[in-house]
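Two complexes come next, and they have one chain in common, chain A, joined by chain B in the first and chain C in the second.
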Partner chain A sequence: MGKYRIFLFTVPAILVLGIFFVYPIALSLRLSFTDFTGVGIPKDVGWKNYERIFTRSRYLDALGVTLLFTLIVVTIQTALGLLFAALLHRLPAVRNLCRAALFMPAMMSFVIVGYVWQFIYSPFDGGLNALFASLGLGALQHNWIGDPHTALYALAFAHIWMFLGYTTAIFLAGYAAIPQEFDEAARLEGTSGWQRFRHIEIPLLAPSFTINIVLSTIGTLKTFELPFIMTRGGPDGATRTLSLHIIDSLFGKYKFGFASALSIVMLILVIVITLAQNRVLRAREERAR
Partner chain B sequence: MSVGVSRRARLVRLLLSALALSLVAVILLPVAYMVMMSFKTGTEIVQDPLGLPGSFYLGNYANALSKMGYARSVLNSVGITLSVAVLVSFIGALAAYPLARRTNRLSRALVMLTALGLATPNFVTITPIYVIFRDIGLLDTYLGLVLAFTALNLPLAVFFYTGFIGSIPVDLDEAAKLDNCSDFQIFFHVIRPLLGPATATLSLFVMLMVWNDFTYPLLLLTDEDKFTVMISVYRFVGNHNLSPEDLFPAAVLGSLPLLLLFIVFQRRIVSGVTAGAVK
Partner chain C sequence: MSRLLRTGAVALFAFTGAAQAVTLEVTAWKGNDAEPAALPELIERFEAANPDITIDFSYISRTDTDIVLPPRLQGGDAPDVMMADMPLVKVWGDAGLLAPLDKGDWFDRLDPAVKAAVTTGDEVFIMPLEVIGMGNFVNMALLRDVGIDTAPTTIDQLKVTCTALSQAGVKPMIFAGGFSAPLFAIANGLEHDPSAAPALGTEDTSFEQNQAFIDTLSLFPELADAGCFDPEIQAGVDPWSTALAEFKAGNFAMMPQGAWNIRDFASVEGLDFVFAPIPSANDTGVALDLFGVGWVISSQSEQAEAAKAFVDFFTVEQNLQALLEAESAYSPFTGGASGMSARAAPYDEARTAGATIQFPFGVLHWPKPLEAEIFDSLTGYLLDLEQDPADVLSRWDEIIEDQY
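Here is the complex of A and B:
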């Protein structure tokens, strides 16, 4: 008994997580099989909510949009972060300044980033089109978030802009953990910078890849604020993500049962994808050793 | 020959530095654009969308300050943010102590719960939390919002403190135990005083998250007097059809407190984020 006494320390945390995390997930699971609208007793509807999600194109499209958005953001953000880290790693004089500056956008709220970029993209006096005009590139002017073909990419660009500093900082921490001897030994053998990057640095950065990819995947699969602020899911559903549907089902509609089913789908999506990533990326780390 | 090579290497490095600095400058352009636009008059914005403002025109700020209820919402955000930071670090550190010092079935289960909490998006719990809060009268209250944020940030705190306490030598505990200290006494007199740096980093994290969050207050608050800064920005800008004279000063006012915090604690924030992620 004495062995477990110290675990009394965990009681407040267990209470908070129990009431506001574990119980809600259980409640969500239960509500997802009902047509609960907030009043009266929830009526059981079986798998109807889930059937709806997986048969209506509206929700399948949202699933596709969410996955595509995640794929774009995770790939480009990881690649750019790696490039910046590789560059800054070689430049100790400007490293800290650049790392801090790149980090600045991550201090801003999605709400503010959303509004500022919405204006930057706006077709008339928006900053991006004005910039193209002043550079004599008027042909590149475009209604970036008004066109269903470019809207999701425009949002992804703003998202990457926000978190590039995060990814870069994590890769830089990975670089700092690479023993200096490796680099020196490779140099003595007369390898080029590119060879060192490709065959020494990339394999040794495997743990940083894992962290970056998993973290940004978790962060992007739940994307809500940017489409909510910038496009409301439009044009033509091109930016309608899963989480936007969850909020839409709550606001004014009070479809708690359906919203719960959507959020359970999201939970399963997050768990399956991050577990799979973890498996693949950890195996890669092992091989790099 | 060797002099020539090192001079060439230095030149390359100089050019690369210039390249890095200019890339970073380009990336920061939207921030500069936001600040610049906030000082421009409506006519300047239309006639010269990229130019510098003719003068530091403060009319937009005066208008935004009076209409968005800035002072009130800053007070709300500061109060909520600080309450969450205090609760999260206290409850988190307390729970982390046994997890860092004991390995058994219970501690493994709790670590699992923490990991699940870290990975679960708040959209998964937002519907039931709304229902629960409505049923127990926590909707539209400061307490409700504080509790929701505390639960959201607690897994990170437990995770963070467990790593930190794990790096404190157990000898300290053992020595105190020889002096007949109870576990509680050891935690409060030996461990707690050493947690300062971890608490500082964690608090910055929590502040960043709570100040900037939009989803919880959007869903849980309806009373204008309780609005956080981000909800005020959203209401103010959203209600005016994205007029730049409203948007940019509101954006600057909304980000300013955290940007100032970042300038002061830049090193701690960046290294804290990476340390937290790498562990």
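Here is the complex of A and C:
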């Protein structure tokens, strides 16, 4: 009995996890096989909701949009975050000021950010088009969020602008953990700045890469705020993510059962991608040690 | 003994008095500063007329209504009276969460189309408050500048107007795929046979094979050729922010939208506009009426009588009038008053001429999920007007199929 007593200390954590995480997921799974409308008593519909998801092109398209949006955001945000962190690491005089400035957009509400960027991208004298016009680059004016070919990239840019500060801050924390001696020894060996960055800093920032990539992947896979505010998923589904489909199905269409099925599909997607990423990134960390 | 009796009498009086004083919880997505709909004033008037009833009013936006109220209804803690529309009545009524209303004199006075829409089987769960027009906002100053004195009501007039405006360097029309274009498509698609709407909302009939809708969508390239709009730009215009701002700024001459904007537009200094019917094949154009909102009573309400008194208060025309004027709306009652301003005279004329079509989502002829697909598919169509209209319409049929 004595050796099992230690497990009693895990009971509170297990209860919290069970009540706030496992139970809601189990409830969603249960509802995903019903036609629940949000009120009343749900009726079982078997696999019908899942069948709809995998036989209607609009949901598979939304899956593609979600994955592409995630790929764009995670790749560019991580690269830019690393770039800014590397610059700020070398500029201690302005580091704190720049870090605060980069972090500022993340403190703003999605609604404000969404509306501001919507007007910046407006085809009628929006800020971006007006800028091009004033620079004599009228040929670059474009209907940024009205053209399905550019809408997702325009939204991704706004998303990256908003969260770049987070990524940079995590990389800066990673830089702070690199022992000073490594840098000094490399300098004594006559290495260039690029060589130190490529062969010392990047390998030693492996844990920061893992955290950044995993967190931004999970956050971006679930994103709906900016597409909801700026384009409502349009034009013609070009920015409709799975999360936006879930919100649309829940509120306005009252298809809670169907939305639950979509949530389960998204949960599986997030778990699979995150596990795969984690495995690759952890292996990379091991190699860097 | 007499002291005991006196105490008992006082206690009984106090108890009776307390029982008569009722607080009624009412929620609505109108009544705030942005969209008062005269509700604060009407509630004050109701409380003055019913001193035993106090109204505890909460503004809950339409979007938040979907989020906040279902858990309260499901949990047995619903407000006594709630603002609702027909999609909500369908969901909440089917779940037995709404109290059937007495079909009193007010029910007999309802406009036949509204009466049919609000009747679920033998029951009626909602007391309609207003019918709002959806038509074509026209900037008359811009039209007069090119020598046109009246708002277009036919497709031919629309094309002529567009061409004249376009040649004068004026942007003729906001035709956003997310609302304006769908209003035009629905109005014109149903004008030929408005009675077809209920069948189109079922699997019995298809949009894909409906010639009136095919012809309507075939008009889009013609309107684009007439210079009415640049389809690719219109596809991405947000009808609820950018479009409204652009019309208010006088940057566009026409815009299909809802009459709820009249009050806001009228507050813009120098904006000379009228609210006209949607141009169509007929001379009158189409007055696309939306039965929007009404009051419902929760079946869990413990203040049923007070709730009924509150709802009845709005069935009195002179009480309702304040709301209609604030909303620029029509009464849901036959021969009822109108709150429309003089700017809506062209729309009024179309209604008087019998050119009214009920917006099919407001009366539950078409399922709510179809609305979003119409917005999406017409946006896609504007982006590529070479698409076969039947292919666009097949997407609507797929949504109908998904409801079964």
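In the analysis below, the second predicted complex is superposed on the first by the 263 of 289 C-alpha atoms of A that agree within 3 Å, B and C clash if a C-alpha of one lies under 4 Å from a C-alpha of the other, contacts with A are read in each partner's own complex, and residues count from 1 in each chain.
Basically, contacts are C-beta pairs under 8 Å (C-beta built on N, C-alpha and C of every residue); 3 or more make two chains touch, one makes a residue touch a chain.
Here the structure is a predicted model, which is why all the values come from computation and not from measurement.
Chemist: So if we stack both complexes on chain A, do chain B and chain C clash, or do they fit?
Modeler: clash
Chemist: Thinking of the overlay built on chain A, is A:Tyr115 touched by chain B (first), by chain C (second), by both, or by neither?
Modeler: both
Chemist: After superposition on the shared chain, which partner residues are touched by A:Gly38: those of chain B (first), chain C (second), both, or neither?
Modeler: both
Chemist: Once chain A of both complexes is superposed, is A:Ala151 in touch with chain B (first), chain C (second), both, or neither?
Modeler: second
Chemist: A:Asn143 contacts which: chain B (first), chain C (second), both, neither?
Modeler: In the superposition, A:Asn143 contacts chain C only.
Chemist: According to the stated criteria, A:Ile76 is in contact with first (chain B), second (chain C), both, or neither; which is it?
Modeler: A:Ile76: touches no partner chain.
Chemist: Check whether A:Gly252 is in contact with chain B, with chain C, with both or with neither, and answer first, second, both or neither.
Modeler: A:Gly252 contacts chain C only, not chain B.
Chemist: Tell me the contact category for A:Arg52 with respect to chain B and chain C: first, second, both or neither.
Modeler: second
Chemist: Please tell me which partner, chain B or chain C, touches more residues of chain A.
Modeler: Counting residues of chain A touched by each partner, the higher count goes to B.
Chemist: In the superposed arrangement, which partner chain does A:Gly237 touch: chain B (first), chain C (second), both, or neither?
Modeler: Only chain C is touched by A:Gly237; chain B is not.
Chemist: Under the contact rule defined above, give the chain A residues that sit at the interface with chain B and also at the interface with chain C.
Modeler: In chain A, positions 38, 115, 118-119, 122, 250 sit in both the chain B and chain C interfaces.
Chemist: Using the touch rule from the top, collect the residues of chain B that touch chain A in their complex.
Modeler: The touching residues are 13, 16-17, 19-21, 23-24, 27-28, 30-31, 33-34, 37, 45-46, 49-50, 91-92, 94-95, 97-99, 101-102, 104, 106-107, 110, 113, 117, 119-132, 134, 147-148, 150-151, 154-155, 158, 183, 187, 208, 211-215, 218-219, 230, 233-234, 237, 242, 244, 247-248, 250-251, 254-255, 258-259, 261-262, 266-267, 269-270, 273-275, 277-278.
Chemist: Sort out for me which residues of chain A touch chain C in the complex.
Modeler: Going through chain A, the ones touching chain C are 37-41, 52, 56, 115, 118-119, 122-124, 143, 145-148, 151, 231-237, 248, 250-255.
Chemist: Inside the complex, what are the residues of chain C that reach chain A?
Modeler: Residue positions touching the partner: 63, 66-67, 70, 73-74, 87, 91-92, 94-97, 177-178, 232-238, 241-242, 246, 251, 368-369, 372, 375-377, 379-380, 383, 398, 402.
Chemist: For chain A, which residues are in contact with chain B within the complex?
Modeler: 3-7, 9-10, 12-14, 16-17, 19-25, 27-28, 31, 36, 38, 84, 87-88, 90-91, 93-94, 96-105, 107-112, 115-120, 122, 125-127, 130-131, 134, 161, 164, 166, 169-170, 172-174, 207-208, 211, 215, 218, 221-222, 224-225, 229, 242-243, 246-247, 250, 256, 259-260, 263-264, 266-267, 270-271, 274
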